[in-house]
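Please see the structure below; I have some questions.
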Amino acid sequence: MDNIVLLVVLPLLAAFLMPVVARSSEVLARTLGLSVLFISIAIILNVWNQSGQIDSQAVSIAIGGFLPPLGINFYVDQISLFFALAVPVMVLLFWPWNRSTSIREYSLMMLLTASASGLILSGDLFNIYVFYELLAIASYSLVAIQGRAAAVAASFRYLLMGSVGSVMMLLGIAIIYTQTGTLNLAHLSLLAPEKLNNILGLGSFALILTGMGVKAELFPVNSWVPEVYGSVSSNLAALMAGLLSKLAVIVIVRLLILLFPQPEALQLMAVLGIMGVITGELVAWRAKDFVRMLSFSSIGQLGLVFLAFSIPGEMGMMAGIAIVLHHMVVKPALFMLATGWRGSLENLSGVARRSPFAVLLFIVLILSLLGIPPLPGFWAKYLLMVGLSSQDGSIYTLGMFIVPVAMIIEIAYLFRLVMIMYRKEGDEAAVNNPDIKVAPQSHSKWGLAIAASVAAMLIAIVLQLQPASDKLVSLASQLSDRNQYISTVFPQIHTVRMQSIK
Amino acid sequence: MNSTSEFVTSEFVTGNVSLADVLPQMILMPLIAFVSGLLMILMYRKIAARLQRRVGPPFFQPVYDIVKLYGKKTQISHGLIHDIGIVVAVGGYVAAVILLPIPGMDGIADKGGIITLSYVLMVPSLGLALGVGQCANPNGSIGISRALTAMLAYDIPFIIVVFGVATHYQSTSLVGMINYQQTHQWGIFEMPLLAAAGLFTLQGMMGKHPFEIYVAPAEIATGPMVEMSGKYMGGLFVMQSFQFYVASVLYASLFLGGGSNWFEFLLKIFFVVEIPIFISFLFPRYRTEDMVRIMWKWPVMIALIGIAFVM
Amino acid sequence: MTVLDDLLLFTALASVAIIALRRFASISKFSVVVYALATVLLIKMSALGYGGEPVYSSFTVNVLGQILQWRFDALSWFFALITLVSALLAAFFMSGAWGEKYCKEHSKEAYGLLQVALILNVLSMLVLLASGDLLSLFIGWELVSWASFMMMALNPDKLARKAAIKYIVYAMAGAMAFLMAIAMTYNMTGSLDYVQVMQGMAHLSNSQIALLVSLYVMGFGIKMGVIPFHLWQAAAYAETPGAGAVFMGAISARMGLYALLVVIVQIIGLTRVAAIEIPYTFLDMQNVLAWVGALTTIIPTYIALKQNDARHLLAWHGVGQGGYMLLGVMISDSIGTAGGIMHVFNHATYQAALFMTVTAVIYRTGTSNFSKLGGLVTQMPLTFMVMVVSIIGLAGIPPMNGFVSKWLIYRALLLDGQPLLFVAAVIGTLGTILSVYKLVHNTFLGQLRLEHQEVREAPLSMLIPMLGLAIIIFATGVMPGVVLDWVAAAQIAVGIAPVEHNLGGIELVQGGLDMIWVTGIMFYGFAVGAIIFYVLGGKSKHIHQYDNYAGGHFLTSKVRYHYSNHFYAGLMHMIGGWYRNVFIKLEHALVSLVSFMSQFSENFYRSSQPVMLVAVVVVLALYFVLGSSGGAEVSAGVSLGGFNQ
Amino acid sequence: MKCDEINAWLDALLSEINEIEVTRKSERRVRVDVPASSLPALLELLKGKASYVHLSAISCVDWPDDEEFELVYHCWSYEAKSLLSAHTRIPRNSSEEFAHYVSVYDIYKPAAFFERDIYEMFGVYFESSPYMEKFILTEWNGPPPMRKDFNAEAYVNDTFSWADYHPQWLQDIEEEGGGIAIRPEDIRL
Amino acid sequence: MSKLGNIPVNAQDGKKRTNPLAGVFDELVQFCQSRSMFMLHYCTGCGAIELPPAMTSRFDMERLGIQPMVTPRQADILLVTGYVSVKTLKRVILTYEQMQSPKYVIGICSCTVNGGMYWQSYATAKVLNEYLPVDVYIAGCMPRPEAVIEGMRRLMRNIEDGKGNAWKDYFQRYDYYLGNQQHLFGNDWQTPTDIIGEARHYGLESEETYGEHTKILEQHQQPLEPYKMRIKL
C-alpha cells in the first residue's frame, strides 16, 4: 500500500534523470519514461487488487511516517485511486510516440505525470499547491515546446492566466492558513465548521476556485483554452482536455466538500458553471474549425461539471462524477479523431466517403456527449437534470433551463458538422469554398484505435448499466463523505467524536 | 342553453330500419326530389323571365331540355373518369336525398344525421370535380378551382349554422329536429339570426347569381360544364334539380319545421327556394375573392351572434 | 419469455441481421419476411386489442434506483399494429422495382441503409410503445427520434439535409423539454413508474401540474409538429426517400400522440389539466391544448394548399391531420378521444397510400412537381384509383375511413358545445378538400404531357400494398366497428370510458352514425346514377385530349392546355396576404438571437487582456461572496480588497 | 420646351439637311419628302433630337405607273404635339417577287409590326426586320393582295363558287304565308 | 355549284325500329329536340347584333326553348352571323365539328349565302354550305329579329318533321366537304376532331364519306386515337 508514493516519486525521478541518461543512451532514456508509466500502472493495479476494501474504506498514507496533521499524507480512496490510475494510462495512451520528439518533451511528460498523480493523491493543501504549480509548469512548457509560433503565443497567454491563478490560489491558501493554522485537509475539515464558515472562508474558496479554475476550464479564467488546444498536437490537447481539467475539478470538489460548507460557495460555482456552459456552447456554435469547436464544447462540458457539483447532496455528486468520467473518455477520443481533421469545417466536406469508420465513431461519441439514451452520456445528463430540478434555488432552476438550451445548441453545431461530413460529391458548397486549403488527412491507426475502444467502452457500459450505476453510487458516496475522510486520516479523532455525539 | 330540458329524442333513432321499409322510399324519395327539382328549375327560369319582362319558357321546358340532352346521337367522353364523375355527381345527390326526411318518409335519415348529410353533399362536387378534371380543359379546371373556393366560402357559415341548430336541439338527427319543431315552434322563430345566416349561405349553395363566378359563361365558358355534351350535360341538369331540392328541403327542415303534410311541405320548399332566386336576379356577380370576403364576413358574423344566443 | 419478449427480441435480432446483410440483394425480401413475422407475433397478442390484460416483458433493468420495464397494453398494441403493418407495406413497397431503381440511382449501400433505417425505426418505436415507465419512455423516445433522423438524412440532397438538421434540433428541443419534465416529475412524485407517478400526481398543486403539462406537451408537441413547432416536419418527411416517407408519414409523428396519451391523458388525467385556469382568459389548459390542435389543423393545411410539390403537400397534411388527433383527444369525452385515436389508424392508412401513389408517380415520371405532371390517369389508372380512395379518406368524406374519425370529433365537439373549435375543424377539412383536389388534379387529371405518353402503370410490387391499403381504407370506412373495438380497448387502457359502438359506427340517442347504411345508400345512389347515365343516355365516343374546346383554337401537342399553376387564384387573392411566414420569421429571429449571443460570448474569449479580465472577475466573485454574506465583517472585506490590489 | 420652340428648332434642323423637302402643312402637321437612302438617318435624328419618339404607323402606297412604292412614316411628338410624316419612294421592282427596303426596327421597335404587315400586303421586304413571315393572311398563297395590279375579282371568281340566284324567293315565301310587309318601292328614305 | 335544299341524305338511320313504342319514343325525342335548342352564336359579323333583341324581352327566344350556350359541346345550333373570312372559316368548321349531333347550322345575313357585300373580297368565303351543311339561311343585310325567329321556327318545324338531318350529310358526304375545305386551306388541313372515326363509331358513314380528299387527310393527319385507360404493368 505504501508504495503508492512511488507513483509520484518514480516519474519525478525519471523526469530529472531522462535528460541525463539521454546523454549516454537515447534509447534507454526513451524507454525509461515508458517503463516508469508501466510500473505505475502495475502498482496501482496491485493496490487495487490487494485492498479490495478500498471500495468501502479509504486509506491514508503518512509520508515518511510523520502522522498528520504535522506530517504530510496521501489520501487514497476509490476516486483518487481511479484518477491515479487514469494518469499513467492516459499519459501512456497519448504519449508522443514520434521519433523526432525531443527528450525534453518526454521529461516534461514525466513531470506532468508525477505532478498529476501527486495532485490527486495529496491530503494536504500545501502539497496540492505545489503539485498544481508543477503541473502548471509542465503544461506551459509542453505547450510551448510544440514549436509553432501559435503554440508559443498560446503558451504565453496560458502562462499569464495560470500564474495569476496561482497567485490567487496561494492567496486563498494563505487566508485559510491564517484562519486555521493548518494545511492538512482532514484537519482543516475538522476545523472548517468553526473557522472557515465565514466570509473569509468563502473568500478563500473564491480565490482557490479561480486559481484552480484556470486548469479546470472554469468560466472566466478559461480563455486560454481554445488557443492552446488549437495550437498543440491532438495528443496533448486530448491529455489536457481529458485528464488535467478533470484533476483540477476533482481537487476543487474535494476542497469544497471538506473545507467549505457554505451554500454560497456552491452557488458561486453554479453561476460560473452556467456561464461556462452557455458561453462555451454559444461560441462553439460559431466555430469554423474542428479543434476550436471541440475546445469550446469542452468548456461547455466543464461548465456542466461545475454546475453538477454545485448541487448539494449525493445526486449532484453522482451527476458530477458521471459527467467528469464520461467527458474524460469521450473528449480525448474526439481529439484523437481531430488529428486528421484539422482546419476549417468545410475541409471535412464529404469526409464520410473517405473514412466512414472514423465518422461513425465520431457520431457515436458525439451522441454520447449530447446525452442520447441509452449511451452513458445520457445517464450523466439525466442525473444532472434530476439533481437540478430537486433544488429550489433560482440559480438551479436557471441551470435547469440553460442546460437543455446548451444541448440544443450543441446538437445544432455538431450535426451541422456531421451533415458536412456526409455531403455528396460535387456539392457546389464543397467545390467553390475558398476556406478549403488543406485536404483532410487520414487518421493514425492509434488514434482511431483509441476512439474505437472508447466507443466500445461506452457501448459496453450501456450493456452493463446496472453494475456501472452501482459503481457510480459508491464513488459518489465515498467522495461526498466528509466523515470518512476525517476518520481515515485521524482514526482516533473519529472515535472520540463519535463517542461525544453519543 | 334554453332547451336542455326539452331534449330531442326521436323514436326512430333507436329503432332498427329494415331494408323492406326503406326500399320503396329509396325509389320514391329521389323521384319526388327530381320532380320537385324540375319544377324549381322551371320556377327559376320563369321568375328570371318575368323579372326581365319576358314570357319565359313553357311549362315542360326543363323536361324538354333533359330529354333532348339524353337523346343526343353523338356525345364525347374524355375517358372513364369523365363518365364516372357524372355518375357520382348524380348518384351523390340521390344518396343525399335519401338522407333527407320528407313527410311520411324518413329514408335513412337517422343513420346519418346532419353532419353526415353535409359531407355526403360534398361527394357530388368531388365526383364532378374529378370528371371535369379529366376533360383536360383548363376552363373546367379553373371553374372547379373557383367552385371549390366557393364551397370553402359558404360552407363555413353553413357549418356554423348547422352547429348552432344542432346545439339548440341537442341533436344531429334531422328527424328529431323536425319532430321537435312540429311539436314546439319553428326554428326560424327560435333562432332568427341563424335562419338569416342560413338563408345567406343557401344563396351560395345554389350556385346562382351573385355567386356563380365558377360558371362564368362569358369568361371561362361555363367552367366545369365546358366539355359536357349530351347525356353528360343532361346529368348535370338532373343534378341541378336535385341541388335546388336538397338546399331548400334542408333549410325547411332546419328552420321551418319540415312538413307535416305534403301540401305544407311543398309550399315551404318552394317558398324557400324562391327567395334566393329573386335575389339572384337582382344582383350582379361577385368575384371569387369578394365572394369569400362577403361570405366570411356577414353570414359568419350573424351566425356567430346567433350561436351566442343559442348557447 | 412472454410474447412481448419474443417480439422485441425478434425485432432486435432482425435489425442486427439486416444491418449485417444490408449489402445483399435479398435483403428486401428478407425484411418483408421479418415484418410479416413481427406482425404475426403482434397478432398473437391480439387479445390486447379486445380488452386483454397488459403483457409484460420479463426483461427489466435496474439503474440508478430506477427499474426500467417494458409492457404492452391495448394502446401500445394499437399503435404497434399500425407501425408494423405500415412497415410491412413499406418494406413490400420498396422490395421490388422501386428498390432496384433506388439502387441504380443511388447505390446498393444506400438502399441497404434505407432498410436499416426502417428496421431501426420499427425497433425503436416498439421499444417506445412497450415502455413501462417514464424513463424507458424517454429512452424509446430518443431512439425513435434518432432513427427518424437517420431515415431523413439518407437523402443526400441539400434541401433534405437542411430539413434533417432542422428536425434534429427540434427533436432535441422536444427531448430536452421531456427530460426536464421527467426530472421534475421524479422530484415531485419520487418515482418514474407509471402507477406511482399517477398516485403521486394526485398530491401536486395545480401550478406544478401546469408546469409539467406545459413541458410534456412541448416535448410531445414538437414530435407531433403542433403549432408553433410545425416547421420541421413537412420538409423532413417529404424529402425522405419514397418508401421511407411512406412509413414516416404514416406513423412516425404519431409517437408524440402516443406519449401524450400515456402521460397527459393516462397519468396526469385530463380533469387535472382542465382544472388549470389560464389567468386573464376564460380558457383552461385543456381548452388551450384543444385550440393548439385546432390551429394545427388549420395552419399547416393551408400551407399545404400553397405547395407545388406533391410530397410536400402531403407532408403538410400529415402535420395538419395531427391537429385533429390532438383536438379529438383533448375533447376528453369518450367519443372525441375515440375519434382522435381512431384518426391515427385512419391517417396512417391513407397517408401511407398517398405517399405510395406519389412515390409511384415519381418512380414512373421522375418528378412530383405539379407543374410538370398531369393527365396520368390514363397511364396509371390503378394508382389513380388508390389516390382517389385515399384523398377521399384524407378529406374526410364518406364512405372512407377518414370520415368516421372526423365525424366522431365533430360529434364530440357538438355535444361539448364548442362552436369555434368545431368551425376550426371544419375549416381544416375544407382546406383539405381544396388541396387534395389540387393534388389529384395536377398529377392525374388534365392534359397528359407529351413526355409522359409512354408512362406505364406502377409495377406490381408497388401496386399490391397500395391496393391493400385502399381496401383497408374503404373497409374500415364501411365497418368502422372493427377499428373502434381496438380504440375502445385503448381508451380503457388510458382510463377513459370506452366509446359505445357497433360494426357500422356509433349509436347515439341524439343522432348516431351507421356507415353500413350510409355507404349502402351512397352506392345505391351511384347505381341509380349509373343507370341514368348508361341506360338512358346514348352511345358516347372517347376522344383525344386535343379535341377540346379552346375557343376555336387548334390544339396540338405544342400547346400546353392545362391549368396547374397558381391553382386557387381567387382564394389566394383573398387569403394570400395572410401567409406571412410568421413562424418562419420567429424561427429566424431565434437563430439570430443565438447568433448574436454567440458573437457576444466570442468577444470574451477573444479578449486581449485576459489577466485584467481575471482580476475583474475575481473582484466580482468576491463582491458576490461578500454581498451574499449580508455585508458582515466589513473589515475582512476591506482587507481582502487590499490584497487584491 | 414649348411647341413653338421645338417647331422652330425642327425647322432649323431640317433646313440644314440637303435633299429633303419640308412642307409645313399646319402648326402640327409636317410633311417631309426624303430620298430612300436618307430616311433612316432622318428618323434617327427625329427620334434622338426632335422628340418624335412615337412611330404611329407606316403606310404604303402603290404607284404602279411610277413603278414605285411610297412609304410614309408617321412620327408623333408628345412634346410638340405634332405629327411628322416622312415620305419616301422606293422602286417597285415589278419584275422580281419583292421590293426591298431597310427596316427601321432598330430605331422604332413598333416598326416590326407595320413592316410585317406591309410585307404581307404589298410585298416589300424589309431587310433586318425581325419577323418577316406570315401575319394575318395565314392561308394566303397568292401575290400580295394590296398591290394595285392584283385583280381580286378574277381571283375570287377563280377560287370561289357562287350560290345560284333564286329568283322565285318572294313567291316561295308568300306561298308559305309570309311576304314583305313594306315593299321596297314604298320605303321612304 | 351547290344547291340548298337539295342535300341528298342517302340513308336514314341504319336500323329501322320495329317496336311501335320506339317510334313514339323517337317522336318524343324529336319533339323535345325541336323545343329545346341551345344555340352557339358565332359572332362573325354584323348579324350578331340582331341576336340580343331576339333573345331579350322584346322577342324572347326562351319561350321557344331557345337559349344561348357558350361552348360547342353543349350547343345544338351554330349561328353563323355574317361574313366568314377564310381564317375564321377554319374556326367555324372546328367549332361545328366539336358540336354534338344532332346539330344544325343557321347562316344569317346575305354574306353567308353568297358573299354579300364582300363578294369581291379575296379573303372571304362565299357560300357557307360548301364547307358545312347549312340547315337554314336567313338572308338579309341584316335580317330583322323577326326574320331570325322565323328562321328558327322553320328549323323547329323541320326537326319536328324529321327533316332536319343536314348534320348526317356532313358525315355521309364528308369527302365533299373536306374537298372544299382543302381547296381553301391547302392539303395539310385538319382539325383535331376525328370525323371519320366518329362516323364509324356511330354508324353514320356512307360510301361518299371516303374519297380522294380523305385520303389526303389521312396522309397528313396527326393520330387522333384517344389515350386508352389501360393497365400496363
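Per-chain numbering from 1; labels A, B, C, D and E assigned in written order.
The rule we apply is simple: a contact is a pair of C-beta atoms (placed from the backbone, for glycine too) under 8 Å apart; a residue touches a chain by one contact, two chains touch by 3 or more.
Not measured: the values here are computed from a predicted model.
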Connectivity without chain C (remaining chains kept where they are): A | B, D, E
Each chain counted as touching chain A and chain E at once: C
Central chain (by mean CA position): C
Pair sharing more residue contacts (C-beta pairs) when C-E is set against B-C: B-C
Mean-CA-position distance for chain C and chain A (Å): 43
Where chain C and chain D are represented by their mean Cα positions, the distance between them in whole Å: 70
Distance between the centres, which are taken as Cα means, of chain E and chain D, whole angstrom: 38
Centre distance in Å when chain A and chain B are each reduced to the mean of their C-alpha atoms: 78
Multi-chain contact sites of chain B, meaning residues that touch two or more partners: 71-76, 78-80, 221, 226-227, 230
Residues of chain C engaged with two or more neighbouring chains: 375, 377-378, 381, 448, 539, 541-543, 545, 547-549
Per-residue overlap in chain E, given as positions that touch at least 2 other chains: 71, 73, 90, 198, 201-202, 226-227, 229
Chains touching one another, given as label pairs in label order: A-C, B-C, B-E, C-E, D-E
Chain D-facing residues of chain E, complex: 1-4, 86-87, 90, 113-115, 119-123, 125-127, 129-130, 139, 150, 183-186
In the complex with chain C, residue positions of chain A that touch it: 157, 160-161, 164-165, 168, 171, 198-200, 202-203, 205-207, 209-210, 220-221, 223-224, 226, 264, 267-268, 271-272, 278-279, 282-283, 285-286, 296, 318, 367, 370, 372-374, 378-379, 381-383, 385-386, 388-390, 400-401, 403-405, 407-409, 411-412, 415-416, 419, 422-424, 427, 429, 465-466, 469, 472-473
Interfacial residue positions of chain C with respect to chain E in the complex: 375, 377-379, 381-382, 448, 453, 456-460, 463, 539, 541-549, 552-557
For the chain B and chain C complex, residues of the former touching the latter: 1, 7-9, 13-14, 17, 26, 30, 70-81, 83, 86-96, 98-99, 107-108, 110-116, 119-120, 122-123, 126, 129-130, 133-139, 141-142, 144-146, 148-149, 151-152, 155-156, 159-160, 163-164, 166-167, 170-173, 176, 213, 221, 226-227, 230-232, 234-235, 238, 287-289, 292-293, 304, 307, 311
Touching residues (chain side chain D, partner chain E) in the complex: 136-142, 145, 150, 152-153, 155-156, 159-164, 169, 178
